[in-house]
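Across the two complexes that follow, subunit A remains constant while its partner is subunit B and subsequently subunit C.
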Partner chain A sequence: MIPGRLLKRNEFYVFATIAVFVAVIEFQSGQFFTNNNIADIARSMIVPGMLAMGLMMEIIAGGIDVSFPSIAMLSMYSSILIMRSMNYTGSAVFGFAVSAGIGLCLGIINGILVHWLKLPAFIITLGTGSICRGFTQAVLRSRNISILPPPVAALGKKYLFTVTNAESGLSSSLPVVFIFLIAVVIGTAFILRYTILGRGIYALGGDSVAAARAGFNILGTELFVYGFMGALSGFVGLTRTVLTGSCQPASFIGYEMTIIAAVVLGGTRISGGTGTVTGTLLGTLLLTMVSNSLILLGIPTYWSKFTVGVMIVIGTGMSAWQALKGKTKLTSVVAERDVNTGEGAGRCGNGS
Partner chain B sequence: MSIQGRGPAAVGTDRKTAPAGGLSRIYGTFFRREPHMRSLALLFAISFAALSLLRPSIFLTRSYLVNILYLFPEYGILALGMMLCMISGGIDLSVTATANMSGILCAMFLVRAVPAGSSAAWGSAMLAAAVLLALVIGFACGSLCGLLISKIGIPPILATLGASDLILGGAVALTRGSAISNLPPILSSVGSYIIADLIPVSLITFALCAAAVDFFLRRSTFGMRLFMLGANPKASAFSGVNNDAVICRTYITSGMLAGLSGILMCARFNSARADFGASYTMQAILICVLGGVNPNGGFGSVRGVTLAILILQILSSGFNMFPGISNFYRDLIWGLVLILVMICSVLGNDLRLRRMREALRKERTAFTPGSGR
Partner chain C sequence: MKIRGYRVFFLFLIVLACMTAAACAAEAAEKVYKIATVVKESSDPWFIRMEEGVRRFAADTGHEAYQKGPGSTDSAQQIQVLEELAAQDIDALCVVPIDPSACEPVLKKAMDKGIVVITHEATSQQNMDFNIEAFDNVGYGAYMMDELAKAMGESGRFVTMVSYLTNASHMEWAASAISRAQEKYPNIELIAEERVETQDNLEVAYERAKELLKKYPDLKGFLGTSSNDAPGAGKAIGELGLIGRSFSVGTSVTSVAAPYLDDGSTTAVTCWDPAEAGYAMNVLAVMVLDGRRDEIKSGLNLGVTGFENINADGKLINGQGWIVITKDNMAEYDF
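On to the complex of A and B.
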């Protein structure tokens, strides 16, 4: 039996969808539960999974960000340029620090603008994202770099393990950077669950005025959330370079909508205040599976965008519909009580 | 510069308060009570003058100026729809997808309905049918967004994002990612026709759309309700406005405008493809914010948006005159303009608020001498 509490949770539905999807793929192709397919999916989760964690935090805090692909692009490209110009051969940690540092600065600019202007974060980050993209493509004249600095290239060749599918002979390996994803997920979960900062993030998204009255530092929380996303974007940008073995700045364009879709599918409310790490991971997994596994189902890849659209509409529609129904139920209960006790009219009349 | 242009309170009152007489009346209605319009006009004049001085031999030619008028209506019409949605307090991210969908379906229809060698009369009739079809498709896509937002309660950003993926994904699947070409010549010959080498047909389309939207905004109950909804949805619901209906109508109008824009795009490229105009959504948002539409809802005017469109098109055509500057600078500069406009508007609002408080305090001390602090 499924307990009723579970039925109310969004994660359950995402999980059920994933299960159905997996069953269909397995039934159709028999290729889902093969070791190389699982490794491939884990590998494709790395970049969207990390970005989704940062974006989820922003959305919980009542904001949103569409500038992170451009920030990732800019910090990735400039950190590679810096390393190349220095002929750097030391540890790859330096590269990640530079990239994340550039991203952090850009993210903090986002945070300051959002806090100060009090205009929709969507439009502000649209502007800053456009600036970063323009800067990378016009001022830095970005192009694909295939010869990476030695430490970055070396990191890309390190694998946790390699598996070979006995049946098809295809082999896949899980790169070492998969550890980054695990670290970011655990870090995000820790911040959201066990720190006062995490409480502040939820409080800010729930009601910013109430959060300020309760003594939460609004500016600090916003700066942290946007700065974290910026630093994470820079970090992820370089991770993607490591993964693909070449620096392709243009490959990030248009990535924001995919990540937003993943976060929202995971049950994070776009109006802020609600969201879990588990849900976001499941949402990312679902989207990754759709883009990875449609081909296993024999569906042409040009249907993938359509499928994502259907899932966004149904996924967000369901929780929105429940919220709407809950609200009408609540108001009708209140109205009934007011009618019964005559309190509603009295309250209005004696207001002043 | 100020984002707060004309609120609902100002609608329809300018006739009584504007001073009589030609020029001063125009100045009064356009600029005095709208500092934002003054800044926009100034920006327009500066960009026009700068380009005229820098490259008079190219910029100040008839063909170049006509080309500017020919190019902007495509995304200008999208910006009009975006403005309506932003006034309602929402946003429409599906405009480009709707435009592409209608462009593709109309292209498919025209390819089948007008075989090579059919008469001009038949071609024109089918073209009219295609325009009607574009409006119907826009209506359908717009009502999808409107219903998702009003009846199901999905926030506008998400609803239109999902609808955009759905519509665009459908368009990609329909064309399998390739372009539809070999369109009958009637479409491009009408769509890119320039009357007397001066007035492009696309400009007339834009002018008609702008006039209609302006009329609805300022002279109809729908416009009044839209402003009320955007300013305060709770208050408008309690004053008897059917918010759901207003939202639906807003997004349907936006969808229909996008449908028209799709036909124009189709005519200019002489083909249809799912990834045309990918940057138009961002451009439309930029235009609206630059044109004084408040992203939080409740304020905005067709005049401001039209001026913003002209400024952007002049700047972007200006870039093309300097082959040394890469096209990517456009992203950089438009992003900067967007952020700067928002900063200026917030600073301007602060300044105005402070002045108002100052004036209020002075008034108080003048009326009750002795009690002033």
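On to the complex of A and C.
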């Protein structure tokens, strides 16, 4: 890639921020590039990484979602309840299917409401999210469950590999559910890059009227992105339970803001039409690293919130600044850009 | 556009109808004291146990006592719950505030309206009639430290964990544990981090514990104050293969800590019975409402386990209600 072109990409700046941050942690603690620390960060990426993929798709399609933590909470809690009531001992696949299935239904409801009422997705999902959370608390009387169904508990004790830091003797294991993250990332990248559906998602976020005229199925695309996020939320909910080793319904609350920040940090334009898998992964990585390295960095507890906030402002500020630069450039070199078709999802917001 | 407006209006009508029906259903009750207990989070097993106490109080006395709480441990949401209740026709509010200082305005408003305010886990609260604790925070923090020191063999480095730095009781326990360590255990040393925030979330406590162990590989003790701290640190200790080398002790309950107590990654957890605390708050509220405020002083028996001989210092009341849960007795305290 030509360096000049690289400099125009938002990913480059997120990557640069990560590099600087890593250098500071390594300098401060000498603990960043240890095998157990890398495994820990990979583990911490599992839950936010998967959610960020689904949310990114929704934001690219011109939507937004603040209901997914509540959907995750409801799906995970009810799937655990169902398995417990059946005294289920079969495969954990069943649990994931139930949880993702419940999530899928809830996500599709979001999609239908967004399409039908044509109200801002933010308001719709704020409402549906509140309903899901309220239902879990009031009807299901949600509480922490520390004794999990055997297949779920067993999955939590399966690891891809264990690394041991020769110096400190600390070991860290990468849970087998890390594979889910890889699968979701590859799946999302494939859909966005190689399918008509993916083109439709970008087109819808760029300009829905133009997308409809171009023959994209708007209802289908909207149902897909919200349904996908719903199913993913259910799936991730149970993954979180597997990782924590206990079902903590309340642990998802407030999570939507972290994920939205990660997606936007990764260069996904909140107004839709623009975003990449790489950028989103980098954005998630940056946020995960920040929240998991404050102690290593030696930041006093009293300053941790401040530091996380500053990192978000710097990161999003950078991508906003990039977008702004892209815009001013667009007006001056519009003719040149027409010739230079490259990058399907251009930063000028006209979609693919 | 017209169609859209019609649809929204229709939805609105349905919602309105539901709310009216609910309101009518709630109307038909006789005139007794209405006492609302507001907790930090309604789905937390701790507060579900507290609700058992509140319900038992309602059944024993016939007063209209009930419990409410926000969906998450979020101070803004809790204040909203308090605002709504204060605007209603209630006689007393029993509150377990998330952030006592943030609750001051709404509690003041409630007291100005004549509502009796009893708090729990909030010794710093200004706008209240009485604050009741199961025990005094200084004694309890020292007690947790003694338990941790026992596990650590009275030597090594330790850290404390709190849910939020704004949580008054958690901060007081941690402070008292730290001063106990300094006074009584010369070979136990506190690391520079002193207090780590865990957001009352097991996953966060686990991640923080792992990060601390990276920075301090010889870290020997974790003293937790929120119910997820000691189990979260225990999960890290268990996974890292440090059972017997690192120890976690702290406030928690069986429903959260059972697996960790069972495999030895958490040595012991301490707590009080939230059901008794909830009951005691309501008893106090009724005493104040009955105009028996003067009777509330040291030595009074509230008729609640752990509060048979209270210690009152002005508006601050303590009982002696702490309990220790270990692998051996955890079946007796199944909440």
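Operating definition for what follows: the second predicted complex is superposed on the first by the 310 of 352 C-alpha atoms of A that agree within 3 Å, B and C clash if a C-alpha of one lies under 4 Å from a C-alpha of the other, contacts with A are read in each partner's own complex, and residues count from 1 in each chain.
In the analysis below, a residue touches a chain if its C-beta (ideal position, glycine included) is under 8 Å from a C-beta of that chain, and two chains touch if they have at least 3 such contacts.
Just so you know, these numbers come straight off a predicted model, no measurement behind them.
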Given the alignment on subunit A, is it a clash or a fit between subunit B and subunit C?
clash
Based on the superposed arrangement, let me know which partner A:134 touches: subunit B (first), subunit C (second), both, or neither?
both
Output check: A:217 vs subunit B and subunit C. Expected answer is one of first, second, both, neither. What do you get?
neither
Quick check on the superposed pair: does A:116 touch subunit B, subunit C, both, or neither? Answer first, second, both or neither.
both
Using the superposition on chain A described above, determine whether A:250 touches subunit B (first), subunit C (second), both, or neither.
second
Between subunit B and subunit C, whom does A:278 touch in the aligned arrangement: first, second, both, or neither?
neither
Once the structures are superposed on A, label A:324 by its partner contacts, choosing first (subunit B), second (subunit C), both or neither.
first
Touch check for A:300: first (subunit B), second (subunit C), both, or neither?
both
Under the stated touch criterion, which partner chain does A:44 make contact with: subunit B (first), subunit C (second), both, or neither?
second
Please work out whether A:36 is in contact with subunit B alone, subunit C alone, both, or neither, and reply first, second, both or neither.
second
In the superposed model, only one of 94-102, 346-354 or 364-372 in subunit B has C-alpha atoms clashing with subunit C. Which one?
346-354
Under the contact definition given at the top, report the residues of subunit A touching subunit B in one complex and subunit C in the other.
116-119, 133-134, 137, 141, 254, 300, 302, 304
Contact set on subunit C toward subunit A in their complex
4, 7-8, 41-45, 48, 71-74, 165, 192-197, 201-203, 206-208, 210-215, 217, 228, 235, 239-241, 255-259
Can you check the complex and tell me which residues of subunit A touch subunit B?
64, 113, 116-120, 122-124, 126-135, 137-139, 141, 254, 257, 260-261, 264, 270-271, 300, 302-310, 312-313, 316-317, 320-321, 323-324
If we count contacts the way the header does, which residues on subunit B are in touch with subunit A in the complex?
91, 148, 152-155, 157-159, 161-170, 172-173, 176-177, 278, 282, 285-286, 289, 295-296, 326, 328-336, 338-339, 342-343, 346
Subunit C-facing residues of subunit A, complex
29, 31, 34, 36-37, 40, 44, 116-119, 133-134, 136-137, 141-144, 146-147, 168-173, 240, 243-246, 248-251, 253-254, 292-293, 295-296, 298, 300-302, 304
